[in-house]
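First, the structure itself, so that you have it in front of you.
Letters are used for the chains, namely A, B and C, taken in the order the chains are written, and counting of residues starts over at 1 for each.
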């Protein structure tokens, strides 16, 4: 099942497009990291997938084809917006009760146990909890709904390192226990490297890249060699980013079957997730025509030997 | 503060800066534990859920590592119970280890005398290591073997340093 | 294999049932708790005042019934009673009457404007609108629950207010048909409260900010009141008579209050329109005579004029109430439907 599927999804506010021509498919059972600079369209994409915002163009479906925002979608998707909105004047206990009444499925014992583990008192007003506690409360309420898809909009931004790890550990545990799929956005790619196995890169309101992290890393290499030969090889290879020194040049290339072996005298290194993402963010437009942007299932042919 | 997970014989740890893919680090740690005798056939590997909670990594990564161990014949999953060790690796005895270590120190002394510094030694050793295993037929060790998955680790062990 | 093949929690794949509406009752109560406590509290405080003062007014009136109307024949006690009634009770009641005009819009605006706007303003809509219960259902439930509560409270308050004002109806200082009394009694008072609430909710959803919505609600409500006043004279309950058919401008004991005269005109002999200034002069002459021997009607008839009136008798109070409450209800429902439409279609 594809947990998220969009087809030329777009959103316009007034004259400017916040997101445009976004077509992607996210298979279930993954944690998809949504990365990109501010204003790239991450929140817009998430809002549309969660059914909060209606699309101006294209369609978004979730959980195997249900239109975003439909009753079946609302039932199976839990969304935690940026800054983890909670009702400031309600206590955590009230929020539990409220969420239970607004949903068909709610695991109250789980929620209570989790809040007790976290040391979040049930009778304190939510507005008086710390930022980390509010985020954990929002996550608890979302997880207690037993969703099939969890959408988290920049949940880590305001958290200290310890709170960040606790939050991510909770999400990972929920994935392991319940098989829930996750879409999580963040500014920082580095901290996502351990937890993400699917990557979506947005920049300037457009999709730059979408695919499984394994495919992504296997499908790119950093070639280092003499600058004098760089141009010659650059034409033959799909170069995502070039870093040129007087004597030495680094080419971040996308590998494919037709690319051929590493040129003699050149070195080939693996790339890190952050390197690849940064390269695509700095060179928008490179990602579009390639098969990697529309990965449906792992493609063994993409790998190099 | 002691965190006692109880059930399993070993605990995993991660080295985020090593450049080795996470799942491979887990595989290597299991193999290492097998070699040193920390793990015996029949022992249960840590539950996916526990690994995920303590290391904050994607459960699919752990599953991939365990699948890899299954593929190598070192472990087997029992539905509803977990993953268990079912074979051993050749164990290197302590005297053998001591001898190898002495030889290595001798080589290192020669390398230093030839003028290599630490990074030079690492680079030389890494490229030699890679070449050595590349030319071997597919075996139990992670190398250039075809695993049938999408990810091929061409840098199976350690980083390829930028020379 | 990935995380999907891990065993799922039981009971997750049951087909979705619609969430029971009565759950929204708790949700509405908890979210609107401040309003649902404040409104009855304030009304209760005002009610206490009305009861205390109303008892006094009723008592004074009852005492006055034993006094003769003619000032020359009054005892000192009676004269004092009249004075109290006219210069203390009546002005105070009048002031209260004016303030009560504000009640529907204050109740409605403060309950209606923040209903949806506050969640939009502080961002909690991002939580509420992504829960399992669809946002339109949440909105409908809130509007219905709060609307019904406010109507009941307003109706009770209106009845109390009518009781309070009764002595002054009996003394015919006001009529049930006058603007202030009509809009604060019967079923029109709760209807106006409901309309104010609906206006508040609609503008709150349109403007997405509580304070601007409150201000705009006051303005729109005022327009509706003015419109109602202008429209009231057009209801098909008016009566047209001439002074040929003797009518009483005043009510009967069972239907207190005087009639509402909408317009007066005069016709000359043969039914033709009369010369207004000539009639005016005649009337002035008549009124300058302190001791008339004949009635106005007779005087006019002597000169061949007939007076015509378009008017509403006090007995038509309830038909008018039903007509006015009727279209107010339609307006309120339309506004609430519009609010739900905005919730559905206005993207976050």
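Rule of thumb we're sticking to: a contact is a pair of C-beta atoms (placed from the backbone, for glycine too) under 8 Å apart; a residue touches a chain by one contact, two chains touch by 3 or more.
These figures come from a predicted structure and were not determined experimentally.
*Asks:* Using C-alpha centres only, name the chain that sits farthest from chain C.
*Replies:* Chain centre farthest from chain C's centre: B.
*Asks:* When you take the mean of every protein CA atom shown, which chain's own CA mean is nearest to it?
*Replies:* Located nearest the centre of all protein C-alpha atoms is chain A.
*Asks:* Can you compute the centre-to-centre distance for chain A and chain B, using the mean CA position of each chain? Integer Å is fine.
*Replies:* Each chain's C-alpha centroid was found; their separation is 29 Å.
*Asks:* Quick check: how many Å separate the C-alpha centres of chain B and chain C?
*Replies:* 82
*Asks:* So what's the Cα centroid distance for chain A and chain C, whole Å?
*Replies:* Between these chains, centre-to-centre, one finds 56 Å.
*Asks:* Would you please write down the residue numbers of chain A that are in contact with two or more other chains?
*Replies:* 29-30, 175-177
*Asks:* So which bits of chain C are touching at least two other chains?
*Replies:* In chain C, 2-3, 6 touch at least two other chains.
*Asks:* Two-or-more-chain contact residues of chain B, please, as numbers and ranges.
*Replies:* 48, 59-60, in rising order.
*Asks:* For chain C, which residues are in contact with chain A within the complex?
*Replies:* Listed in rising order, the residues of chain C that touch chain A are 2-9, 11-12, 16-17, 19, 23-24, 26-27, 30-31, 122-124, 126-134, 138, 345, 347-348.
*Asks:* Which stretch or stretches of chain B touch chain A in the complex?
*Replies:* 14, 16, 19, 21-22, 48-49, 52-62, 144, 148-152, 154-155, 160, 162-163
*Asks:* Spell out the residues on chain A that touch chain C in their complex, using ranges where they run on.
*Replies:* 1, 28-30, 47, 50-54, 71-72, 74-75, 77-79, 81, 83, 85-88, 90, 94, 97-99, 101-105, 107, 138, 145-146, 148, 175-181
*Asks:* Using the touch rule from the top, collect the residues of chain A that touch chain B in their complex.
*Replies:* Touching chain B from chain A are residues 29-31, 165, 168-169, 172-173, 175-177, 193-197, 212, 214-215, 217-218, 224, 267-270, 272, 298-300, 302-305.
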